[in-house]
Structure formats: C-alpha cells, structure tokens
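Next up: some structures, all given as structure tokens.
Both complexes below contain subunit A, partnered by subunit B and then by subunit C.
After this line comes the complex of A and B, so read on.
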C-alpha cells in the first residue's frame, strides 16, 4: 500500500515541478509562436539568483521564514530585468523571420546566458538547504515528505489556475486570447500586439524563474541545470499540445505519473518511458492531446 | 705541396668539412633545444557543467599547483628535480564538458594542433572509453587520472594509455566488505546509481560482491536515473519502501549533492545504512546535511583517508594555503597522475644516459612501475602494467565540535579489492574473489 501511495505522491510532486517549468514555455509558444530555448536559462538564473541571495541573507541573520519571499523576489528580479531586455532588444526585431530562425536565436541566447552564469557565479555549486526543511515534514504511512514538496504543488496550482483565470475571466486575458487567435486581426482591432508580446514573454519567463528559484533549495545549483528542464518541458508540452494550458497540465501529470510508476515497478525503464509516452501520443495525435483543428489561411 | 693530388682540391675538402660541420650544427641545434624544450602536458577536466565544482575545479587547482611547484623544484623527494627531468612543464587546459564526440575532437586538437607531449585527464568513464582508442591511434601517452570503469583495460589492451587511479571494482568491493563488517546481519540491499558506464559497473560489482560475501542476501531495488537528473524524489521513495538494510550509491558531482539534500530530510539515512562511494567530495560542503553514520569513501586512500607521509603533509599544506579548502580525492588523483608521469619520465631519462627520453622509453619506464604519492606508494600491476591499484578505504561520518570527521575507518589492501592481472573484475567476483 505504501508503494501505491508513494507512486501517486511522487508522481504529483514531479508533475508539479514539471508543470511550473513548462507552463511558461507553452504560454510563450501559444501567444508568440516561439519555441523559446532561453526558458531553460531563466530557470537556471532563477535558481542561481535565489540560491546566492537567500544564502547571503540567511548568513547575515535573516529570519529563515522570509527566505520564501526572497526566493520569489529573486525570480521576479531575474524576469523583470532580463526578459524585457531580450524581448525588446532582440526578439522584437525577429518576429518577421521564420519560426526556426527565431528558435535558433533563442538557442544562441541560451548558450550566451549559460556562459554568463559561469562568469557571474563560477562553476562551484550553490546550496540553500534551509527552506527545504523549514516547513517540517508530513508522514504518509512509513514515508516522510518535507512539507516543502506540498508547497511546490501549491505553487503549480496557483500558477496554472491563476493563468487560466486571467485568460478566461479578465479583459487582458480575453485580449490575449484574441492575439493568440490572430495577431493580424488583433492589430486591426487596435490591440497593441507588441505590448502583449512583451508581457507574455516576461510573464512566461517569470514562471520559469519561479520554477528554478523554488527548486534551488532541493538541488545542487550547478551550471547546465537549465538543459535538463528544457528537454523535459518540451516533452510535456508536446504531449499536451503546444500552446495549450490544459495540455501542459495533463502532459505534466502523465509524465510525472508514468515516470513514478516506472521507478517503483520497473526502474530499468525510467530513462525511456517518458519518450515512449511522447512517441505513442504523437503516433495517434501528431499535434498533442489538446491540439485543436486550425483553419488554414489561403 | 700539391693540393691538387687525388683529383680533389684542398679547398673542396675544406668546403665539404665546413659544410659537414655546419650541417652538424644545424642538426645538433634542434637536438640541444629539444633536450631543454618544455614538456607540454594537456590537462583535461571539467571546467563547466555539474561536475566542475566538486571534481573539475579541485583537480584543475591540483594540476596548476603541482606543475608550478614541480617547475620551481619545490616538491619533496623524490620529486625535487625541476620540471620533468629538468625540462619545464607547460600546461594546456581543456574543458571536459560536452559529449564524448566533443572530447575526441578536443583530444585530437590537443595532440595534432597544440602538439602536447602527454595528456593527463578525464573524469568521465564514458570519455575515457572513447579517448583510449584515439590515444592509441595517435600514439600519444595519455594518463587517465580519475575515471573508474574497469572496462578500459579489461576489454582492451593499450600501449599508450595508463590510469594512475584504481578502477571502480576496488571501490565497489571495498564498499561491500565495509558493509559486511559494520552491518553483519544485513541481508537486503538496494542501490541508486547513474545510468552510464560508471554507475552500471559500480552497481554490478557491488551487488555481485554483496551476494558473494553475504550468502542469502538479495537485491531490493536498483535505481538508475540518468546522469545529472537532479530530481530523485521518486527514487528515494522507492528506496524507502524497499526495506533495504544497506543502500549503495556511486553518485558523484551535483547528483550526489542533490541526493543528499533530498534524501536527508526524508529519513533515508536513518532507515538504511547508506554507502556513498564518492561521499568524501561532499563531506565538508554538506557537513550539516550528511547525518552521522553515513558511510563514505574517497575512491582510495585520499582526502581524509590519506596516509601521514611527507608528500601528503606538503600537499595538504600547499593546497590549503593556496585555495583555502582541503584537497578532495579528485585533487589527489590529479597530482598523483602528474607525479606518475614525472616518475616514469625521469626513470626513462636516467636509463637514457640523462638525455631526454622518447615516448617509448617513458612508456617502458611507466609500465609495472611503483611511484610515491601523497596517497602512498602507487603500484601499476594491472592492464599489463598500465592500471594502478590502491587500497580501498571507508569510514563513517561524525560531526565533532561542529567539524565533519570520519570514524570507524577500515582499510582493505589493494590485493583484497582488485582482481589479479589478466582476470576480469566480474569473473573474479563471481569466482569468489580469490587472491
């Protein structure tokens, strides 16, 4: 019984982590049609900023409970400073180019930011273990989970539901849906599409940075940590359907649960199972589970 | 006097002599230069990526320190002669990050473009497996300083490749011997290892050795996450629910640190005896997170397990003075490899009448050699004299007055944890680990 409980809880925790990281990627693709590889950089930058800043402030005697606010503040700082700079300074001039060219530009930016991280923080690992253990732990049978893991589920829920609510219930969200549907018509209706691109890129990058910042207390923050997350995030949004918010949620849950089942019952398949699921989904739904039929412009 | 006799004029003979002397100078000048020319050593280690912090940077620091001290003649006996046999050492540093394909390209660049005389490097077992045949093809003396897979010399025979650190079998067998010694009633054991050559070989040897040493024991679970996965929540749950008495992990780099950070708060270290075969690299950085009683190794007699000898006292002092941290096992292994090259080079030079040796002479001197290092005397008896063996050492962590220490240290002699020459590790373990 412990094992079944563990499969479910581990799957949900991993799904939450994946969803927080992937939701920004799918948002940016949905609105801007950019396969944004700098997403991994924002994840890593969020983690580095959070680990170094929180570590420094804790060393100076900061109240430990404030570290959660510092984690979020670090992510906010990274996204608000860097994302507008990249969108306004580089991507804005590339929107007329082919999607593949823009993807290559984001790949180049990813490589530059990877080296920038090494220049700023060096290659030695950063640790901030305090926030991970601060909230105590919860027992499920014989299994102990730090409450922080449940906090990560809460962050994923807030991110997903908040974004869904914004899109469905607010004026800004409805305007954004219009931009997603057709940027040209949106422009003709007087919507400032470029402004929405800026907001979307910044908010999507913020979600990646939040994912990195709140992962930092559970890992060793090291160079290249953005590489792994970008691969997994792509798997999630490809399974769910690129640009689909519910698709990202379902994709993350599928990946998380399938991986967890594999680890508990057939660990030798773990490496392979995520990509097996992705291949099977694409075999039957080439545009992902939540893709919708698109009108072709003639 | 008739200088025209014999049909050859005096002038003509003089001209020939002069030409011969000039030609002699032309030939001799480069030879004289070659005798004193610097020895170029290519050093390859992780300068970026998750392995840079715990392994790459400490080993790079060790290489820089050791080469500088050798060039200044400040290393204790028997390494007091400057450089390599008096020739200055020049270091070219290369990042090991990237795929094995990238590393093969970098190796070719080092040899064919930078023109290095010796390559010392490689932490990743995958990279060592890829580089060894290329080193052989290019006929370049290459010394692996850290990578662990036993397959390098057990599956192939190389003339130009050496490894001055013991391979993974001694770590795994040592871990099994330690587990049996401190947990004599343990019957169930599990593992979490990275899914590539190092992790697979380490787990294979450990599980086989445990089943041999503890009759009736069984494997509960073998977790094999991918390298640099970073998230181990589900794997830790699987280990927690497995009922393992002993858990083996050969995790290294950021993966080891992430595993400790995630497994500690979940009580894994209290529920099972956890063996971290490379735990020494994290013991100071994560002193607060590693619970007392965790079994750690250093892949040999390195770091806190190093013997008290003059070379070690010199090494620790110089390293700590310069970098403000103690050298970890990756540092020790890098210095050991460079000292191994120096010992072989100077032995070959002495046998060559004091002249700069050629590469075949250095190889002949290196094979089956024994040379002193901060970790004690290093023997090269395996792999037809190309593979080192060392004793295997394990201990348990204990924080004393806020400082991380090791207790209950046990040392297993090299012959107890390594197969005899010519026998594959897996066959040796299955055959009862006979000496």
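After this line comes the complex of A and C, so read on.
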C-alpha cells in the first residue's frame, strides 16, 4: 500500500514539474504556431541564473528565506531581457515562413544559446541545496518528503490556473483568444497582433525560466538540462494536443504517473516508456488528446 | 542517360574520390568517409524534404543500422563490410516498413515529432540494455572486405573506397527514382496533397515508399559509420543526432542528389574547424551557420552550384 501511495505522490510531483516546464511551450505554440526549441534554453538559463545568483547571495550572508524571491527574480530577469530580444530581433521577421522552417530557426538559436551558457557559466555543475532543505520535510504515513516538493506543486497550480483565469476572465485574455482563432481577422478588428506575439513569447519563456529556476535546487545544474527538458515537454504537449492548456495538464499527469510507475516497478523502462506513451497516443489521436478536428484546405 | 549531367558528375566524383583519396592523410580519409556516410543518410532525407516532411528521427535508422552491423559480428562473427551494410539497410527497411503505415498519415511537425518519439524509444531501450553495453555501446569487430582484412596502412583507404562506391550507387539509384512518376509525386504532395488525390495518386503510398527508401539509406549509412569508427553507442539514436542530419540537409538543399554529399563535406569542414578553433563554441558556430543559411540561402548551398549548371545549359 505504501508503495502505491509513493508512486502516486512521486507521480504528482513529477507531473507538476513537467507541467510548469511544458505550459509555456504549449502557450507559444497555441498563439504563434511556433514550436519553440529555445524553450529548453530558457529553462536552462533560468536554472543557471538562479543557481549562481542564489549561491552568490547566500555566500554573502543573505537571509536564506529570501532565496525563493531570488529564484523567481532570476527567472524574471532572464525572460524579460532575452525573450523580447529574440522575438523582436529575429522571430518577428520569420512569421511568413513555414512552421517547420521557424522550428529550425529556433533550433539554430537553441544551439547558439546552448554554447552561450557554457561560455558564461562553464561546464562544471552548480549546486544550491539550501532552498530545497530550508522548508523541512513532511510526512505521509511512513513516507517522508521534502516540503519543497509541495512548493513545486503549488507553482504548477498557480501558473496553470493563473493562465486559465487570464485567458477566460480578463480582457487581455479574450483578445488573445481572438488572436489564436484568427490573426488576420484580429488585425482587421484593430488588435495589435504583434504586441500579443511579443507578450506571449515573453510570458511563455518566463514560464520556462521559472520552471528551470525552481528546479535548480533539486538537481545539479548541468549544460545538458535544456536538451532533456525539450524532448520531455514535447512529449507532454503532443500527448495533450499542442496549444491546449488542459491538454498540457493531462499530458503532464499521464507522463508523470507513467514515469513514476515505471521507476517503482520497472526502472529499466523509465525513458522508453514516456515515448512509447507518446507514440501510442499519436497513433490513435494524431493531434493529441485535446485536439479539435480541422478541415482540410484545398 | 548519356546526356544526364548528374550521372556524369556522380561517376566523375567517384573516380576523383578514389584517386585523390589515396593521397590524403589518414585523418582526412577518415573524416571524408564519415562525411560520405552522413551524406548518404541526408540523401535519404532529400525525397522526404521534397515531400515537405522533415524527419527529426532518422537517427533511429542510423543507430539501428549500426547496431545491426555490429550485432552481425558479435552473433555470427561476420565482419564483411558489405554484409554489414546489407544487414543495416535490411534492419532499417523492415522497421521503417512497419512504422511507415503509421507515419505516412502525418504531415508537418507532427511527422517530425512522431519520428522523434520513435528514435527516442530506441535510445531509451539501448541505454538500458546491459547486454548491448548500455550507454557505452560496444566495439564492432574489425571489418574485412571479400574475406580479406586490409593492411593497417590500407584500412582507411579501403573504407573510403567502399563509402565512395556505395554512395555513388545510392546517389545514382535515387536520381533514377526521383525521375519516375512516383518520385515526381513528391513535390506535388508538398504543394497540394488533395489535388494529388484528385489526380488519382496516393499520397500515403508515395510517402510510405519514400520513407522506407530513406530509412534504408540511413541504415546503410549507420552500418558504414559503425564499421569505419569501430565503435557504436546509443548516442547515435539521440534526437540531437537527427538534428545534425536535418542541419546538413538544410545546408545542402534538395536541388540534386549531389547536394547532400557537398553539404556533408562542408559540414564536416565547418565542424572540425570550429571544434579545433574553439572547442566550447562549435555549436554556436553551427547554429549561426544554420540561421544564416535559412535566412539567406533557403535552398541550401546547392542553389549556388545549381544556378551555374543551369546557366551553362
């Protein structure tokens, strides 16, 4: 029984981590139809910035509780500086190109940023364990979990619900839905579509950076983290249906639980099983679980 | 056939490679061999890209081919490089034939992502199979050709010759294929699939055939690299490897069957110089090159050569 509870809890923690990482990707795809590989770079940049900044400030005798604010601040800094630069400076001129070509452009940017990270932070891993241990631990029956994990679930809920609320209930959100539905008609209605693209890209990248920044305390921050998160987030949003918010949530839960089950019962299948699920879902629902039918255009 | 420029160029290129290759230093022969093998894989990507499909999962067949070739040596002690390539091609053909039923239903990025998922499945399996050396992979037996193991000085050149001849055959065969009605359907599918169906063509069938052809070439290329390097590991199936192939394909352009080989050789040159020059920023150089090519040379390096060839008539 304990094992089943452990599987479940691990699954939820892993799902929320995946959800935070993937939700920005699905948002950007939904609005801009860009499969954005630089998402992995923002994730890694967020993690590096958070790890180095928190480490440096803690060494200078900062109040440890403030480190959570620093984590968020570093993500904010990375996204607000770099995302507008990429969108305004490069992507803006590419929107007329094919979806696949834009993806390749983000791939080129991803390669460039990957090495930029190595240039700035070097190749040796960074550790910041303080924020992880600071909150103590929490017991579920016989199982002990660091409270920080609850914090990860909290962040996933906040970003998911916050985004859903913004889309459904606010004026900006409703305008954004119009842009998603038909950018051309939105333009003719007087909506500044380019501004929405800028906001979406920045906000989506911010979510990736936040995901990275708050993951940093739980892992060792290494150069390969961007590459890994990219394929995992792809799996999540493809399973759920690209561009769908509930899809990302369901996709994250499926991948999270499947991974947790395989880690507890058949650890050698861990990596393989995630992509197997993705392939199975695509075989039966070519556009993911939460996709709508599309008319073929002649 | 006689008037066909492409055929003439390919035949001349094989001859030049065999003659010039003989006088190259060993390291250059090795780099050239690997570049030719990758060129053959990218040659397989060419008809797919003409159809408008970008596969982010061809590392699957590259790796599969290499493991099939290596497995041949381990299981039966077979070390003939031609049999190795046949085994690699066959393994890739069988797997791609099965997966093709599913993949031929997909277009655009969904095709790319699903093929990526399949290659990551293979990666996940290989990383966890201890009997195949897990993440370390294993050493391929020393190759022979027609039952003879070449002298140590001749090993590299033999491999280069095998690669050059194989690539030449593959290029000529694909060139012929692209001229057949089924081959000519590829750009039509990219332009407008529904009209292809109105014409009575089957897009799914054409894509399935192209997919198997391109996977087979990837399998042969993987076997060739496995035999040339003498070592194989699961990284060959990782998605960044597929990304590299797509990179070469973009660099080369889809204008001619010669383009992939030029692309692969230019890529090898950029790669080794960037790696020598600044080991920590070679990806940055590659990324920058990819970006510039997409923006300024959307039809790849071939558009530079192709224009001159056409102008000459």
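The definition used in the following text is that the second predicted complex is superposed on the first by the 294 of 298 C-alpha atoms of A that agree within 3 Å, B and C clash if a C-alpha of one lies under 4 Å from a C-alpha of the other, contacts with A are read in each partner's own complex, and residues count from 1 in each chain.
What we mean here is this: a contact is a pair of C-beta atoms (placed from the backbone, for glycine too) under 8 Å apart; a residue touches a chain by one contact, two chains touch by 3 or more.
All of these numbers come straight from a predicted model, not from anything done at the bench.
Annotation: superposed three-chain arrangement on subunit A; subunit B versus subunit C shows a clash.
By the touch criterion defined above, A:11 lies against subunit B but remains apart from subunit C after alignment on the C-alpha atoms of chain A.
In the superposed model, A:272 lies in contact with subunit C only, and not with subunit B.
In the overlay built on the shared chain, the residue A:171 is in contact with neither subunit B nor subunit C. By the touch criterion defined above, A:146 reaches subunit B but does not reach subunit C. Judged by the touch definition given at the top, the superposed model places A:118 against both subunit B and subunit C.
Judged by the touch definition given at the top, the superposed model places A:105 against subunit C, while subunit B stays out of reach. In the superposition on chain A, A:60 makes contact with neither subunit B nor subunit C.
By the touch criterion defined above, A:132 reaches subunit B but does not reach subunit C. Note on the superposed arrangement: subunit B collides with the subunit C stretch 130-138, while the other options among 130-138, 184-192 or 238-246 stay free of clashes. Touched by subunit B in one complex and by subunit C in the other are residues 118, 123, 227, 268, 270-271 of subunit A. Of all residues in subunit A, only 2-3, 6-7, 9-11, 13-14, 17, 118, 123-125, 127, 129, 132-133, 137, 142-146, 149, 217-220, 222-225, 227-228, 259-260, 263-264, 267-268, 270-271 touch subunit B in the complex they form.
On the subunit B side of its complex with subunit A, the touching residues are 47-50, 52-54, 56-57, 97, 195, 221-226, 228-231, 233-235, 237-238, 240-241, 253-255, 257-258, 261-262, 265-267, 285-286, 288-289. Residue ranges of subunit A in contact with subunit C, taken from their complex: 35, 99-101, 103-105, 107-112, 114-116, 118-119, 123, 227, 231, 234-235, 238, 268-276, 278-279, 282-283, 286-287, 296, 298. Those residues of subunit C whose C-beta lies close enough to touch subunit A in the complex are 52, 54, 102, 105-106, 108-110, 112-114, 116-118, 120-121, 123-125, 127-128, 192, 194-195, 239-240, 243, 246, 250, 280-284, 286-288, 290-291, 294, 298.
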